[in-house]
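Next come two complexes, and both contain chain A; in the first it sits with chain B, in the second with chain C.
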Partner chain A sequence: MGILNRLSKAQKRKLFSRFVLNWMPILSRAQALEHEFSQIGLKSATQNYTLNTSTDSKHGVNTYAVFYAPRSDANTNAIAMLLSLGKLFKRCSHFSKDIIFVVSDGQAEGLQAWLKAYHGNEESTYDRTEETLRVRSGAIQAALNLDFAGTGDYNALGIFFEGVNGQLPNLDLINTVADIAKDVAPVELTLHDELVPYTDNMTKNYINSLKKMLYMMKYQAVGSPSGNHGLYLKYKIDAITLYGFDKPGWPSQRYGFQRLGSLIESTVRSLNNLLEHLHQSFFFYLLSGVRRYTSIGLYMPPVIILGVSFIFQALSLWGVSSDLPLEVEAISKGEKTAVGLPYSRRDRNLKVPATIIGMSFVAGLASFQLLTTEFGFPGETPMLKLVASVGVCSMLVISAVSSARVRNHVLKSADKKDNSASSGELTPAVDWIILKTFILALSALFVTTLSALNFSLAVSIGVIIVFPYMVFRPSRFIGLSIVQAIILLVISPPGLLLMASSFYSMDVSMVLGWALQEYEVLGTWLLPAVCGIYWPLNLAAIVMVLMPVS
Partner chain B sequence: MLLLTGALLALSISSASVSASSAGQEAFTAKDAIPILKAPEAFHEELVLKPLNDGSVYSHFQFTTHIGTVMDEEHFEGAASNLFTHYNLFPRSIGQILHSFDVEELHLTFTQGRWHYGDWGYPIAPSVGTGVELWAWLNDENKQTDTNWKGLTNTLSGLFCASLNFIDDTITIEPKLSFRNEGLYNVHTRSPAAKNNTESRTNPRKLRYGSLPHENVCTENLTPWIKLLPCKNKSGIASLLKSHKLFDTRFYSMAIHVRPVCEDELCSVKSLELVQSVTTVFDVARHDGSYDWTMTGLFEREITQACPLATTSKVVLHLPQTTEYRNQYQLVPFPPQGAYSIGSTQDNIQEIAVYDLKTDLETHPASTPFQISLRWENSRPKSVLPISPGIVAHRYFTGYGQEHGGLAIEIHNNNEQDVEAIYLDTLPWYLKLYLHTFSIQLNGKTIDNQRDLVQKMYYQPAVDRSRPAVLELALRLPAKSMVKFSVSFDKVFLKYTEHPPDANRGFDVGCAVITVQLPRERGQIGYGGLDHLRIYQEREASLVQSRLTMDEDDGDEAQVIKRQESEMDRIRVYTETLLVSLPTPDFSMPYNVITLTCTVIALFFGSIFNLMTRNFEVVEPKGAKDAKGKGKSD
Partner chain C sequence: MAQRTAETRNEGPLKNTPAMNRSSNTTAVFSTALALRLALFQFPTLVSILGGQVEIATPITSFKRLSEGVFLYRNGVPPYDGGVFHQAPLLLGLFYPVISSPILVKLLYILSDLAIGFMLLRITQIKDRDAAKDERIRHDLTPNLGLFWYFFIEMFDQFRPFFIIVFQIHVFIFAAPISIKLRNHPLFVAFLLSTVMGTFKGYPSVGDASLYLGLLPLCSEIFKYMRYSFLIANLFMYSSLLAPIFWYLWVYVGSGNANFFYAIGLVYGIGEIILMIDTTYALMRRDFEAQSPPQPSDEASSHGWDREVVQK
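Presenting the complex of A and B:
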């Protein structure tokens, strides 16, 4: 968690012994910090909060202090950072912006509580209580989150920048730090917590860059912030985390607190010198290195092509469902000239596909409700809820498939009976074609819309579904249909969950609990998006491949 | 010119009769002892220093110039006719401004930094809102107030090198309850009967108030301010004003206040008073954590002599208030006549040390240059008397995003009794206030019956691009309570030309003002506001008188009660100025688009125009040959 960065080592050790060790109770830790801040001469206070999620209850105490800038025109753009340097800043009279130091308790939820209270949205219900802040400043302009574990020297600084739901801070903030780390306070910088040795091998460098970019896209797609800085972005505060990591045995220079301190001080001064909020349009980018980015103009076309491919197939199927077979039929039954009109359409039977789509969305939402509601019966776990929602969904699939099959059978027998009477009319297109049209159109809508909000999530979903949804169709061989259904099951949310947990060799319930927590504490969209859109489409696709062919 | 004098004369007569009737109730006894006006013009200079609890040192320079406006015959014969024709001490530039714009009372304050009420208590000069604050009472007999106000702002803008001309209709307001006259009969407003009468005077006057929260204050404002002083900064207390040091402080404020005042109890002698003040808070402990200071260390200048033109020239030091260990500091030099205390009750007693520069520097040449130093044992006080200001207010924006927002105001009443307060808030028109969302929380609980708290409410809705929204509330704050108001607003999408060049910085919203009457409290600086000079003099005078009338048992209880009542100070509490970010277009994008379009148009237009206007003809190769042949043949 956020630990201190100090210029004097003696003080650092003192603080370390006092706060960082966890044997100290939360409250007295906060009070000790508060005392330390007020000793420096900053206005400090603490904030209590509690948060009850469906899995557990959290309580903590945040400590914060405000350095009121002497030159401030009271409009107080503040820089919230995770601690210290206060003593140094107090001595300088050149600061024109207030600086807020926040030492948050717990994990993200502590800072979340502080930010909510700072913006006047504090609540006091059973589920969450956030105490009102006593010391305030103005609109926060930028934030630096410092994450330095331990007290030794560090090999390099890692920059974490991905926020909640894939929001990104202004690229200029990262560039500022990168510039300072190049000249003013030379420190090795990298993205995230991976140090890659530089090689002359171009291919290797490209692969390393790709790895870093994928790593970033993973954070974005999951929508989970890579550090506490991610919470600020929602409030239009640009923020990054600076993470000091220390790799014993790594053959590079090691940087002490002096160097890192001057880096942070320079960064704060750079932010202080800003007259305006960082505003140039660098909010959409993919980083493959600290100084290398891919702009939105380059990365958007692929995901749009993905989305458009769904639309094209949906349109062609929509056409197939009316006009095209008409012609084919007319040619095959060459002698019946009465049917030969090229634009006459056969009726589209929308009832069955629309019901299936509607039902699957209901099932998706029901499972979302199931997962997030706390029922309060004994032995209630997220795992159990997941099983319940899988049950709901499989009920839907079974009932939809069986009713479709039964309906088909009934229709067929009816067809046989009045074969002669219906000779003049065309039978409407098969249900699965229309259903597939719906699925594809909705997928296109989903992927393209999402690409503007969270590019990485859109791309990963698009890549997962593009092949199965485009190619799969019910087969005359029931075995093939079942194979398709199994593949679709694998890419369904529970399947992906199982895969993810085995990949990270974690317990399934842990992964599920994490996803729930992200939604409840931070409000990430991953769970709602998956349950509300991705899963229903997947269910509809499973129903589709199991439907009768004709 | 004559007109103004005439008006004042008329006032003086009406109120003189009033105060004569209520003279018996007067709390101020030492009228003959107050030696303020002995000449048609008088100049007083004064410096108040006070060590604050957090180690900072508060300094307040006050330069008071009086010009006799209306005098009774026996004192100053023929002086009245000289008003605004001859300037000796009173600055001509101010006199002319007052005269040409019919100004009765003028208050202009430049402030940089924030005043921390919680740590520092109340200041002597009450206006501490960040930026520039200007308010004036204008004579409205000719119905020229708006023109006069415009002229006044523009002239002051030129005089003080500030952007005061930006105080136009869109930010000017006319408060209904706040910013009452501080001027004429200010002595008598302390007795209720006289107060009622002064307000019912027939002379039509109008109040105008405007503030610029984003105005930076610097030396170019200080220089013209210093030029108004009779001695400039060549001698006297003003020689301490070194801009390098003054602007390297936690708080800096300079002001001019012009107001008519009574010179005696019956108001038979009146004068126009010009108060110039500079207030700073030096962060002494910034460098080494030591609370010790010397005057040379603070100002990097020395006083070698009092201003020769000054009637009085004093340095007043409020001695630190410590709870125990009374002698933990050392003051050098200690004033020869010793320190004495002002204030009557235990709650508001304040020990002060007064140095009279006139006598000290002239009679004891050894003491030049004048020097004060204060040293603590172990360079830090062991215990200080905590300050708890009676009323503290905070205002902040709630919500996020660029569409909606909310405004929250917290007012803490730390007094033991209910307090009547007036809240004034001006919001620019681009914040669309929704009054139906106005809600009140008392100690964290929403209350339904707002009438208990809000006794009067004046609300002026904003008009786009022409006037701001004004919310003025008369409040009754319960004892020991925290009252929180909240209002929601929408943010307006401005036209692109209305954005300032630094559009993404946000827009400043000026501070809200709470006017309140509070009993004087111990440890507070704000002793009597700008009248504190009188308080010191009264105290000295009453000391003299008490020695004279030692055997008379004059101190009856009614007198004591009266005195306590009179020690209510009208205080203004300023909240923070705020910064609001409005939806801002990406200004670089239109630029890109314009450049791109222009390039494309230039390319296409150029080539197509070229193609269309050019006349294409097939050139005959034969003719060319002929021409060549001709040329050759020629």
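Presenting the complex of A and C:
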């Protein structure tokens, strides 16, 4: 690197980082970085990892360096920045915490391998190999993920904060960066990578904020992180991504290396001043702007109302399946019996609906197993597996509907025979009523419990199913039942998959492959939740609308 | 006692089969139960996951702590000294010879499950009385689905002994009034008292729920008088789903806190209390109908009474 000596230090680092990132093979790249870190005087090391998923195989090398306290953590791709900061921190004596610099390889899987090994969870199976870390420090308190493409200047700084399965970092971390970007190192700060001008039109401002919030909810609902910071959150480490970008024509002041450095240094120092984890603030929030949040107290009531609407209808149907209708009839006829009538004299026949619900869950879990297992026969693709699971599910629907109809037929003909004899016996409520009660009760259960884990996913599932599940019921006109079944098919997982892929004009197999990949690499809950919860209820609902009316 | 017991105890042997098929059905049910347990033991991860759930393994039921106690005892250390082991000395004696062999331990659990099932079956056949109680006061602040641990982490140390007594009184204070009032229904008393214990004891787990839910079908004749069965089922489902979720948010993610988990313990407690109230109501209502049948002349009002009961 003789030529480099003539350039200024900052230029040298920029050139080096470009060289390292773009042209060197993985292993020598890691070694070069390790060398640079140790040049600065930091204790550095590399880590190999391999990850085999059902569709792909990934290998890479992570590099990291620990700055031991005179003690924090920072992960970054902006290598030049990292090296400079390393040098700067080395000169500072006021740090009371260790700072770790991680340059991870590949996409999320590289950092995940590092995090696993750091917390002592490294595996060495055929599917996953993560090398044990040689250099270590204490428990990580917070992390900053730096994403600065290119070597030029930027005029805006974006914050990405959505983690795996919709987990969020403590709001104070975002507030800290927002404060610093206002005073200490003035830069134009925004959420994600979009700048929306503030206008005089209030309605327009509201809609812009709403768009921001929906954008965030989208990330949360699918459960994939919006950046590498998302992986830290799984380990109780608050983390955000800082993303530098250039928006042409935006009037804000441009900033370069220098100001960015002081922003990061101030943030790291703020974190350094903390005595413990950030915890006295918000973990449950929706952001519609850097300085504008919606707290859990405001956004939870709608999802509770959604859940309650399911429960209320389930309760009323449960009442209908008991003596309630008879009681009402008795009152209308002017009989005095209504007062003394105990509850539930009419037997509820739970066997048929319970079997259908049970079978639907078995079918959903079977589809999940089908999708995630690698069978190893030639020509095996996720698409083929999806077709197979749709086959399993449709088989269930067909067999359940046909047996329900046959059963109804047999019961009716038996009923006709001893019509004269049966006088006092009360006929139990029809099967579909109980089945619908079950579906509604379970929907309420899942929507409300899921909202504690991942609000956005729960609310999007709730909004999709609330109308069909509440309104739909078998009809005397077979055509109407079929129309309902078709609508339910549209909102079934394969239907939604088709719609999503046509909306984003992507190939269906690509979307499916992506969902599988996210589950296998990052362990997101979208696929298990859809197959284990959403699909079974949808199957049961389809069976319900096709069941005999009486 | 064991997580295994909790899952499947109340499934099979409680069905009332007609006399003709009874013996063959019983064999089928018991062999299915045996096969199911043997199959479940083939998933070691399942055992470790369930063993780590706070709803299932409490300080006085945890197998891990039992193993530790046996280990200490075997190595000549007094097991009760360390503050880790709180289980009954008899359990220590029972597991001392078998714990080194996993097969024997599994066999012990399976056999005890089957024995419990068989006894429940015998009870349904002869409907005789049998109830036993044994509780001891403990002092360990591990969170669980119970109603009391939260108070003790909030409380000043000097009040603890007093409140331990106050809370523990709940476990047995109901025994006298319930036994007097419901003296004609010994089986129901057994059910009700085990529910009371399962609700108010210091370290309840789903094992306690499996006990009273296992005893409940012995009084299946009162089911049709129950008014809140749907509500109770829902409360149990919500608490069993939300408990692990809130535990996860509190302990693993760090975004929740102890209040979340305790709130679910309260929901579970409410479910148990409504179950007790509703079953007691149902039993009394049935008694009332049996003792005061409607006037034979008043056809209309007899419409609401249960014919079978009135005829008795």
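By definition in this document, the second predicted complex is superposed on the first by the 490 of 550 C-alpha atoms of A that agree within 3 Å, B and C clash if a C-alpha of one lies under 4 Å from a C-alpha of the other, contacts with A are read in each partner's own complex, and residues count from 1 in each chain.
Throughout what follows, contacts are C-beta pairs under 8 Å (C-beta built on N, C-alpha and C of every residue); 3 or more make two chains touch, one makes a residue touch a chain.
Treat the numbers as computed from the prediction; the structure is a model and nothing was measured.
**Q** What is the contact status of A:His277 with respect to chain B (first) and chain C (second): first, second, both, or neither?
**A** Touch partners of A:His277: chain B and chain C.
**Q** Scan A:Gln167 for contacts with chain B and chain C and give back first, second, both or neither.
**A** The second partner, chain C, only.
**Q** Does the superposition put A:Leu453 against chain B (first), chain C (second), both, or neither?
**A** In the superposition, A:Leu453 contacts chain C only.
**Q** After lining up the shared chain so the two structures overlap, which partner does A:Leu315 touch, if you call chain B first and chain C second: first, second, both or neither?
**A** After superposing on A, A:Leu315 lies in contact with chain C but is clear of chain B.
**Q** After the superposition on A, what does A:Lys236 contact: first (chain B), second (chain C), both or neither?
**A** Touch status of A:Lys236: both partners.
**Q** Examine A:Ala441 and indicate which partner it touches, taking first as chain B and second as chain C; both and neither are also allowed.
**A** Once the two structures are laid over each other on A, A:Ala441 reaches chain C alone.
**Q** Which of the two partners, first being chain B and second being chain C, lies in contact with A:Ala139: first, second, both, or neither?
**A** first
**Q** Looking at the overlay, does A:Pro301 come into contact with chain B only (first), chain C only (second), both, or neither?
**A** neither
**Q** One more residue to check, A:Asn121. First (chain B), second (chain C), both or neither?
**A** It touches chain B, and chain C stays clear.
**Q** If I apply the document's touch criterion, which positions on chain A are contacted by chain B in one structure and by chain C in the other?
**A** In chain A, positions 236, 277, 279 sit in both the chain B and chain C interfaces.
**Q** Touching residues of chain B toward chain A in the complex: what are they?
**A** Residue list for chain B touching chain A: 54-55, 112-114, 116, 130-131, 213-214, 216, 248-250, 283, 285-287, 394, 396-402, 406, 408, 444, 486, 502-506, 508, 511, 576-581, 584, 586, 588-589.
**Q** So in the complex, the part of chain C that touches chain A is made up of which residues?
**A** Spelled out, the residues of chain C in touch with chain A are 224-227, 229-230, 234, 237-238, 241-242, 245-246, 248-249, 252-256, 285, 289, 294, 300-301, 303-307.
**Q** Could you please specify the touching residues of chain A with respect to chain B in the complex?
**A** Of all residues in chain A, those touching chain B are 41, 68, 70-77, 90-91, 93, 119-121, 132, 136, 138-139, 234-236, 275-277, 279-281.
**Q** Spell out the residues on chain A that touch chain C in their complex, using ranges where they run on.
**A** The touching residues are 167-168, 233, 236, 277, 279, 283-284, 311, 314-315, 318, 330, 335-345, 347, 424, 441, 445, 448-449, 452-453.
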